[in-house]
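Each structure below is given as structure tokens.
Common to both upcoming complexes is chain A, partnered first by chain B, then by chain C.
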Partner chain A sequence: MMSPALFLLALITLVPFFSIIWMSFNDVSLMGGLAFEFSGLDNWQRVFTDPDIRSSWLISLVYFLATVGLEMVIGTVMALLVYSLTRGSNIIISLLLIPMFIAPVIVGLLGRFMLDPSHGLYAWMLNESGLFDGNILGSVGSAMVAVILMDVWEWTPLVALIVLAGLTSVPEDVLEAAEMDGARYGQKLLYIILPSISNILLVALLIRAMDAIRFFAIIFITTNGGPADSTKIIPIRLYDIAFRFFDLGYAAAVGITMLVFSIMVATAFTKLLKRQEKAS
Partner chain B sequence: MATLQLNNIVKDFGGTQVIKGVDLEVKDREFVVFVGPSGCGKSTLLRMIAGLESTSDGDILIDGQRINDVGPAERGLAMVFQSYALYPHMTVEDNMGFSLKLAGVSKEERRQKVLEAARTLQLEPLLDRKPKALSGGQRQRVAIGRAIVRNPSIFLFDEPLSNLDAALRVQMRIELARLHDELDATMIYVTHDQIEAMTMADKIVVLQGGVVEQIGSPMELYHHPRNRFVAGFIGSPKMNFMTVEVVDRRGEGVTVRLPGGGVCNVPVGSNHLDVGKNLVLGIRPEHLVLDDQGPLVGVVQVIERLGGSTALYVQMEETEVIALTDGNTAHQVRDKARFGFASSRAHLFGADGLALPSLQRHPLADIYRKDNRTHTETSNY
Partner chain C sequence: MTASKRWLPLTFKIALLTLLLLWTLIPIIWMVLSSFKPNTIITADTPQVFFTPTLEHYVSLFSSGNSLWPYLLNSLFIAGTSTLIAVVLGCMAGFGLSRIRIKGKQHLAFWIISTRMAPIAAVIVPLYLLFRYLYLLDTHAGLIVAYLSFNLPFAIWLMTAFFDDLPPDLEEAAMIDGATKFQAFRHVVLPLMTPGLVTTAILCFIFAWNDYAFAQTFSGPSTQTIPIAAAQLLTQTGIDWGKLLAIGTIVVCPMAIAGLLVKRWLVQGLTLGAVK
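Right after this comes the complex of A and B.
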């Protein structure tokens, strides 16, 4: 009964999966037709010794910590603020969600437009206020900050939405009981609200973390990894290896390391979630 | 140790008044029960006292101090919620000690006070558990324990027993009454269950539509209801009502003609009543007795045999009447039955629903719950 479906599944997932593993043990060339030349562990040795890969992983780590950290904090604060509204929260939520519905490529284009040194609005404002003058996307440091903020702008609403859903599940009378017990807002937040929504915070973190690891579009459109490789996170590096240098075997090896890393992160999160559920 | 006074309390929810000017005085160490049908405003009133709802008009005084603008925590009250409202991720001990933790009480002192309350409620073996691992009755006790630990001036209970099964409810009722004796604290208790109100209260406040219908001791409400609503609400099964006609008002009491033609003299005050006027006669099911010479006659429609007693649903002309007779009643459905009653047990209500005042006060009308329990102080119930 299931076999046709399983066959289809195998065709679209398992075949590419195993071919990419096979590719990682070969020198793959596209010149004059596809050619595989077995090279043993060469590609894998390069993955673990290439200083460019290591620096890209480091940049990815910084990028990951900054975006996901900011998104979690700002998203939670945003959700708490919206939750405390007594009226108009529906329209506020709709407005807040707009960035999420814009394609990342468009966000990148918007960012490039706003930060353009000759006619960009934000570039002009930063210049006029004396905070920063120069090419924002063209300078090491400021380019990284800019792409991080673009990601935060786009994805914070998602975190806010998830946290908001969690907040509505905190029972009203438990909060009132805490109030009777003498808890001020901060204490209610610390002792009641945050522990109650810790599971949902973990879920939001997991979703954003999985996204951040394979994040690509905004940086590809704005800086494409530059200047001087300062924003070259691992997916951009992978793109370079595969489609600029056409070193497909090596790219396969890098891609597999990314996959393994994603799986490790996801497993860690689900373990955490399970432990939390058991504890409560 | 505190008194509570409500002066003309009003609550407005966006133009709708749900509490329409309530006056009440709660004495020190009194057990006061707010009772009324759903939506009568009893919970809202309690939440206003707790400080969880603002007060639109009027004054709330605790020990003579106006506390309208004081926050819920600073009022020194403790509340037990209908859903228990335990903190789900904290152990029983942390739940009970949370208020002390917030107040900055040291860990040892906190533990000592929690243990003391846990001992009173037999919660000691459960201190390390989380609410999820407790039964309904245990959760209920933890919620009460959390209130005790705060050592509040007044305990507030919002329908605390309504989520428990019937047997547990009876047990907790007794336990709460015992606790009241033991803690010697002022308690205010909200319920829709008139049995809880009758058994636990020193003083019952009957509410309907945001208005106080009557305040009094349980026996006073039972024997001397101020109006038809209170008469119908207190007592189970409900009081029977039938339309009667005044035939004579000379001498003691009022003489009325019953449905079916019988005549009866009810000992109530008869100020400005005209002969021929219609009144409503109220008689409780337990005060109707099977009597072959009785003035009331009807056909039995339904019989509910409870073992110890039998409830007969009897059609008398237009009205259906319930009679609570003894368990050995041999009547069958569609039998004709005659009933009589002691006229001193009957109530008369005017067209405005108010009761005509009884000429004699019932000897038990001023008995209080304390008088039922003086012996419990020495024994462990």
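Right after this comes the complex of A and C.
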């Protein structure tokens, strides 16, 4: 029963996988038909020496730490709040979940709409309150903050949903006992709640980590890496190399470095699953 | 109410929740609301809350020269077909994987999960070359294959997790009663898997429907999907916000409703079975 699916999966994943490796050792040209010219380690040498690539990885790192960090913190707070509700939690979590079903393109569209310098609602509010009066998506710094917050807006609900599922496994009797002994909320949180959901938090972290490098449509549609390359995370850089400069061999080498990152995350994820299996 | 749930002053809690709800919902409400505003109100210098609602943007989307219909049909066809293939094959493979005891099963699992996690930007590069070579650029089949590259491993993985929750005793009992393996699967196992199948299908459909990067790279004039229609309007000078917000509303609403329909199984689905 497994063979049709596994055969198809092998076909559509292994062929591209070996192609991308082969491409990374070639100069691939698209002009006048496909042409491969073996170029040895040229592309690989560029990957490790190109200052543009290095700065893109750095921006990716900042983007990654900021988005995933904020999502974890806000998502956990969101889950704790909803969990503490005695009624209405069902409808409230449903409302809070909506952003994660929204296509990243539309999240980008919403960002552009809300931040439009001449008639965006958020731009107007920031302007009226005197907090910021420039072109948010057009200025270095504020553009980065904006694209980070768009990602946070879309994916915090996912973290909240995962943490909320974990909170149901917090031992109720231990909490009650702690309360009888006069424990404050902060103490309960630190010594009982957080330790018992640590595995769940790790799942949320890994899921977000893999998606942080998978998707790039929000930035693509809002700043496309600008202004002055300040939001050019590594997937956007790769897309530029491949489809603006048509340097597909080089793009393949950059793509493999990204794959290495996602394979590391996948390894951590399967290890975690195994640990959970043993625990249960 | 259990004692352990009582914490933090109530007012503080409500204030914080309200803030989070506003942060989450304002952009969506503002988009849907503005899609019914005339253009003069949308582009007013100060945001307007009161206006006479109009359907002009929706009407013009479906009637003007560059109608949204072809985009909508492409989206439905491509996302629908890739979902169907992924769910059927994923269900079969998931059942097999869940029941089989073989050496190296964890390597198989690792291969499946890492294909699901592969960065889209990295997958696009070799696929573009292969599609060009096979004349699959600007075809429905090309995009369906592209979406299968993430939906198929997702469906296999998730269905395996759902089957793992179902004790094999049931189908074994049916087989003792004389049913063949296929009959046991068809009449005993499958009906119990409905929530799993529906969840997997809805999530696969949402992933494909929401994709932009693959469609942007592989589609051409005859295969463009709705996200591409939005992106095209967005890159024009003099953005037609009314039309765009109407497209946004059309893209978002069905997916939000579909997603919330399977809310109970969402955690399991979106964590690939790691959380139940």
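In the analysis below, the second predicted complex is superposed on the first by the 258 of 280 C-alpha atoms of A that agree within 3 Å, B and C clash if a C-alpha of one lies under 4 Å from a C-alpha of the other, contacts with A are read in each partner's own complex, and residues count from 1 in each chain.
One rule holds for everything that comes next: a residue touches a chain if its C-beta (ideal position, glycine included) is under 8 Å from a C-beta of that chain, and two chains touch if they have at least 3 such contacts.
Given the structure is predicted, the values throughout are model-derived calculations rather than measurements.
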item: Partners on chain A (chain B, chain C) - clash or fit; value: fit
item: Once both complexes are placed on the shared chain, angle at chain A toward chain B and chain C, C-alpha, multiple of 10 degrees; value: 80
item: Residue contacts on chain A - larger count, chain B or chain C; value: C
item: Partner chain in contact with A:Met144 - chain B first, chain C second, else both or neither; value: neither
item: Contacts of A:Ala217 with chain B and chain C, given as first, second, both or neither; value: second
item: Chain B versus chain C as contact partner of A:Met2, first or second or both or neither; value: second
item: Chain B versus chain C as contact partner of A:Tyr191, first or second or both or neither; value: first
item: First (chain B), second (chain C), both or neither touched by A:Glu176; value: both
item: Smallest distance from any CA atom of chain C to any CA atom of chain B, in Å, after fitting; value: 6
item: On chain A, the residue positions that both chain B and chain C contact, one per complex; value: 176, 179
item: Contact footprint of chain B on chain A as seen in their complex; value: 171, 173-174, 176-183, 187, 191-192, 195-196, 279-280
item: Chain A-touching residues of chain C, taken from the complex the two chains share; value: 1-8, 13, 16-17, 20-21, 23-28, 30-31, 34, 42-47, 89-90, 92-93, 95-97, 100, 106, 108-110, 112-115, 117-130, 132-133, 145, 148-149, 152-153, 156, 206, 209-213, 216-217, 227, 230-231, 234, 241, 244-245, 248, 251-252, 255-256, 258-260, 263, 266-267, 270-272, 274-276
item: Contact footprint of chain C on chain A as seen in their complex; value: 1-2, 4-6, 8-9, 12-13, 15-17, 19-20, 23, 28, 30, 34, 74, 77-78, 81-86, 92-106, 108-110, 112-114, 118-119, 121, 124, 153, 157-158, 161-162, 164-166, 172, 175-176, 179, 185, 188, 200, 203-204, 207, 210, 213-217, 220-221, 234-236, 238-239, 242-243, 248, 251-252, 254-256, 258-259, 261-263, 265-267, 269-270, 272-274, 276
item: Interface residues, chain B side, partner chain A - complex; value: 50-52, 71-73, 77-79, 81-83, 85-89, 98-99, 102-103, 130, 132, 146, 150
